[in-house]
C-alpha cells in the first residue's frame, strides 16, 4: 500500500484556539475561538463550521458571532453527544479543529433597507445571534427590527445579559415568551406565533427569519403567510445530520438539496414544494 | 491451628466460576470438608429440549468459554452418533488440531495465570507483570498464538464458528495452513522455557492412591477425541455406557452432584490421562515428562499442573504434525458444510440416541442426546470433568488435613486453595446441573 | 492522569467474554496500562471494596441474590459496562424463560427443584442502569477496545443500530439467503463485523435485535424462501427471549 | 483507435505478466453463481463469464473504510492510501458506475482521496455477450455497450480476445506484455457483426423511453408504491451497499489506546439505515422505510438528473439481486408506470 500526504484535502482542519469559554447553562457553553496567526474566518451570518476534537469526531456548529466581531468568532455548543461533550471539557488555551465556513448564510444584502422579524425557538437563538449582532452593528442599513424569542422555560433562555441589552435598545423591538413560566418570570407566556407583530407589519418590505426546532417551522410559517409575507421573504435555517459539509456524505440531503451547501439557510419559496424540508 | 479448625473460603478465586471451600474440624475429627458450588444454575439440558440437534453445539459451547471448543466437539460427536454420520478423515484431523489448540490454550492459562502465582507466592499474575515480565509476556504470547490458530481454523476460540455437524463450514486455505504452521513452529522455544520453569518449582508433596479415569484405545495414538473409557483400576467400557462410569448421585452435605466408579471417587484431567496413556505421548513430550518426573504419571494431585505442561508439549508437536500432513495431502474443499443444512435437508435426520466423549483440558467430557425423527432434542445429558472431580477433591482434602492441621490458618487455606486449583476446576461448566444452596 | 480503577464481575455466564479479554495477548498489557484492574476473580485473588470508576459486568441476572449483588455493585461504581450477550440481552440463558420456571428446574434437578432459588433470566439493564454495552456472544474484541476508549474519554459509545447485513455486505460475503439458508443478520444489530458469516456460518442473532426491526417484512422473506417460520422464531429465541420482559429496565 | 488481438491460450500469460507489474483485480467465483472482484495472479483464477459481482468495483475507488486523517497529539495530516492496480474484466454497467462516481468526486471541492486513487487505477473493460439475468436493465440505462471510461476493453470471441486500446496507459500495457497481434480487417468486421447481433439480444427492458423516466418521477413522489415498499423493506442497506453509484459515507474517529494518536476514516453508509438522518434531539427526517426507499429511487432517477444530467442507475441489477425482500428495481419502475397509465 502506498500512502500520500494530501496538502489540499478538504478534510484537513485548522487548529483554533479557545480564547474564552463561558458557561451559559448547565448544558450550553460559549467558546470564543481564534484561528492561528490572526487569520479571519470570513464567514457570513448563518454559516457554520465543522468543529472537531480528534478521537471524538466532528460536528457542524453554527458561527454565532457577527463577522464584525474581529479576529475571533463564537461557537455556542450544547452537550448532547460524543463531540459536543468532549468540547465541553476543553478549557481556555486548548485547541480544537475547525473546517469551514460552510453553507449559505443569511442573505443580508437583500435585507438592507427592509424591516426584519427575527424569530428564534430555543437553541435557534444561536445561529440567529450572528445575524442580530450584524444587524445591530450595521443598524442604520435596516428598517424596523423585531426579535422574537421562544423558549420552554425561563432557564432555557440563553445569552441572558446580551438579551438584556437588546431589550434596552430603542432601535430594536425585543420580546421573549416561555411555554412554562416560573414565579420570577415577567415576560410573555405562550406560543411564539402569538408574538408576531400585527399592526406595524408591512408585508412587501418585511423579511422574516426563522430558526428553531423542526416542529416550529410549520406553525410560524403558516402565521407569517396569513400576514401576507411573500414566500421569498420568509427565510429559514434548517438542521440536518451532516458529516462532510461538502454535499457528498448524503446525510443532510433534503430531496435534491444538500442542507450543507444549498443551505442551511433557505428562502421559503425554494423549499415549499419540498415535502421533506419542513 | 490444631484440632479445631473452621475454614470458609468464599468465592474461590482464580478458578472458573464460583465455589467455596468449607472445612470444619472438631477435636481432630472432620465434621465437614466440602467443595461447594455456588454458581447460579443455568439449566442447559432443560433449555436444549425441543431445539434442533443442529443448534446443540452452538448452545452447549456457551456452557463454558474456556472449553468452548471441547463442548463443541463433544456435542458434535454426540449429534453425529445420534444421526449415524461418520466424519471424514480430513474432518477428524482438523478436529484433533482444534482440540490440541484447546488443550494448549487452556493449560497455558491455568499454568501461568491461575497456578503460577501460588507457586511464586503472589496473589495473582498482576504483580508478576513487574517482577516476571518476560514470564507474563511468554504466557500471553503462547495464548495469543493458540488464539490466532483458532481464529483461522474456526473463526474464534471462544464459541467457535466453523466447526459443525458434518465438518467445517469453511476450510483453511493453503495460505492459512502456512500461517498456522508458522504460528505454531514459533512456540517451541517458549514451551521449552515453560518446561524449564515448571521443573524448577516446588510442588507440595502429597500422595494419595486415587482412581484415575481417561479415554483409552488400542492404537498408538494418545487418545483425546475417540476411544473407550478406562480407569487405573482396570475398568474399560464403551462410551455409550458412560453412565456406568459417571454414576451420578446426590449427597446431602454438598451442593453438587457427585460421580463415582465402583463406589469410589475418581479423578479426570491431565494427570489421569498421563497415568493411563503416558506411553503414547509424542517423543518430545516424553522428554518433558522425564524432566518433570512424570514418566509414569503419578499420584500427587498437585502435579496436575506439571502434567498439563507435558501435554502442552504433546499438543504442540502433534498439531504441527497434523498441519504438515494436511499440507502434503492438500485440503478437499468439497467437504465444506452448509449450515442450517437441516433446512435444506442436506443432512438426513432420524430419531436416535448418541454419546460424545472427548478429553477436554480438565478431563473427559460426555454429551448425550436423544432426538426424535425430526431432529428435535428430547433429552440431553452433559457430564463435565469438574463434577467428576469434586468427590475426589474432597477425598484429597480429607487426606491432606491431618498432615497440615498444625499450620496457621493462612497456610491451611492456601494449601486447600492450591489443591483445588491444581485440578483446574471449571465451575461454570458444572453449574448447568448443580444443586445450588448458598452458604452465607 | 490516574488510571481509573476497574473491576470485573461475573454473573451467570460461561466467562468466555472475560477470556476474550485475556486473549488479547501482549496487547493486554497496553490495556492494563490505561486501567487499573483491582478485582478480577477469575484470574486474581485480590479483592477491592472501595468506590470503582468502572465496573465491568459479565453474565445475566437469574437469582434473587444476584439482583442484590448487582445493585450493590452499581451503587459503588461510577460507570457500569455490561459485556457479552448474557449481560446485555440475557443471552442464551434467556431460553430458560421459554419454559415455566418450575418445569425446567424440575427437569434438571428432579424432585428437589424447589430448593433452587431461580428467577426469570434478566439482562443487567433490566435490573440496574448500564452506561456502556458491549454486545455479542462472545464480545468482539475490537468493539470492547472501542468502548474502553469511549469510556476513558467519558463519551458515549453508540452501538450500531443497523443490521449485521451492512457489515456482511461491506465484507463482500455471499448472502446466506442466496445459499438457501436463513440468517438472522437482517434483524440483528451490527458491530461484530459479520463475524459468523465471514466464516460461512449464519448469524444467530447474538447481539440482539435492532431497535426497529421490520418483523412482518422478515416473515415475508422467510416464507418467500420456503423456510420454516417455526425454526426462525426458535432461533430468534436463542438470544432475544429476555427482550419481552421489561425491555427498558 | 487501435485494436489488438490476443489468442485465448495466451490469456493466462497476459494476466501473469500483468500481475508481475502490479496488483491485478478481477472477478472470481464465490460459488452459488456469485462473483467478487479480488486479487488474482493467473488467468485461471478469473471468471471471465460472470454476472455482476457482489460489490461493484467502486470498492477500489472508494474503499469500504478509508483513512482520511492521521493524527497525533500535535499534528494531523490528511492522507490517502492507495495501490497501483489494474481492474480487469469490468462490465459496461460498472464502467458507467465509475463514470458517475468520477463526476461526483471531481466536483468542487474536489475529493482528492478519490482522485488520487482513481489516477492509480487502470481499467480493462469486458463486453457482455448476453444478459446476466432477469434483474439487469442495462439497455434501458444505455449501458449495454462500451461508452468510454476504460484504458483497454476486451471483447471475447471463440478463439481470441479482441482488445480496444483506448489510452496511452492501455497502449503501454500492450507493449510491455508484447504477446499481442494487431487486429486486421476481418477481426473488425467480426466485431461489427457481433455488435449488430447484440442489438437484437439487448432490448429495452421496460416499455418506457429512458428519457421519460425522470418525468415519471416528477409525478410519483406520493405514489402508493412507496407505501408498499415500506411494508417489505428490512432496512438492511444491501441495495445501496452493492450499488455502483451509491457513495454516502459516515466519518468516524478511531483513537489508539493513548487517546491522542489515531485516525479519522470514512466508511460506507446507507440512506436506508434507521440512524442515517436522525439528529440530536431525536428527530429523524426520513423515519419510515418507505420514505427511505423513495429517497433511494429519487437519488437514482431524479436528483442526479438535475445536477449531473444523467441517471445514477447503470442497470446492473445488483440492488434487486441483493434484496432478500425481493424488491426489484424493474418491478418498482413498472409499478410507477402503471400508476400513471
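Per-chain residue numbering starts at 1, and chain names A, B, C and D are given in the order in which the chains are listed.
By definition in this document, contacts are C-beta pairs under 8 Å (C-beta built on N, C-alpha and C of every residue); 3 or more make two chains touch, one makes a residue touch a chain.
The structure presented is a predicted model; accordingly, all values stated were derived computationally and were not measured.
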item: Interchain contact steps from chain A to chain B (minimum; 1 if touching); value: 2
item: Between C-D and A-D, the pair joined by more C-beta contacts; value: A-D
item: Chain centre separation (chain A, chain D; CA means) in Å; value: 39
item: Rounded Å distance, chain C centre to chain D centre (Cα mean); value: 37
item: Between chain B and chain D, centroid-to-centroid distance (C-alpha), Å; value: 51
item: Length of the line joining the C-alpha centres of chain B and chain C, rounded to whole Å; value: 25
item: Contacts with two or more other chains, residues of chain C listed in rising order; value: 149, 153, 179
item: Touching two or more other chains - residues of chain A; value: 55-56, 81
item: Interface hub residues of chain B, defined as touching at least two other chains; value: none
item: Contact pairs between chains, per stated definition; value: A-C, A-D, B-C, C-D
item: Residues of chain C that touch chain B when the two form their complex; value: 10-20, 22-26, 28-29, 32, 37, 40-46, 59, 62-63, 65-66, 91-93, 95-96, 98-99, 104-105, 107-109, 112, 115-118, 137-138, 176, 179-183, 195-196, 198-202, 204, 227-228, 231, 234-235, 238
item: Chain D to chain A touching residues, read off their complex; value: 68-69, 71, 76-84, 104-105, 107, 109-113, 116, 120, 221-222, 247-253, 255, 259-260, 262, 264, 266, 269, 271, 276-281, 283, 285-286, 291, 295, 298-299, 302-303, 306-307
item: Residues of chain A that touch chain D when the two form their complex; value: 1-13, 52, 54-58, 78, 80-81, 84, 97, 213-214, 239-241, 243-244, 246-251, 253-256, 275-276
item: Complex contact set, residues of chain C against chain D; value: 30-31, 33-34, 145-146, 148-149, 152-153, 161-163, 165-166, 169-175, 177-179, 185-187, 210-214, 216-218, 220-221, 224-225
item: For the chain B and chain C complex, residues of the former touching the latter; value: 11, 13-18, 39-43, 45-47, 49-52, 55, 58-59, 62-66, 68, 109, 113-114, 117, 123-126, 129, 136-137, 140-141, 143-144, 147, 154-159, 161-162, 164, 169-170, 250, 336, 338-341, 343-344, 428, 431-433, 435-438
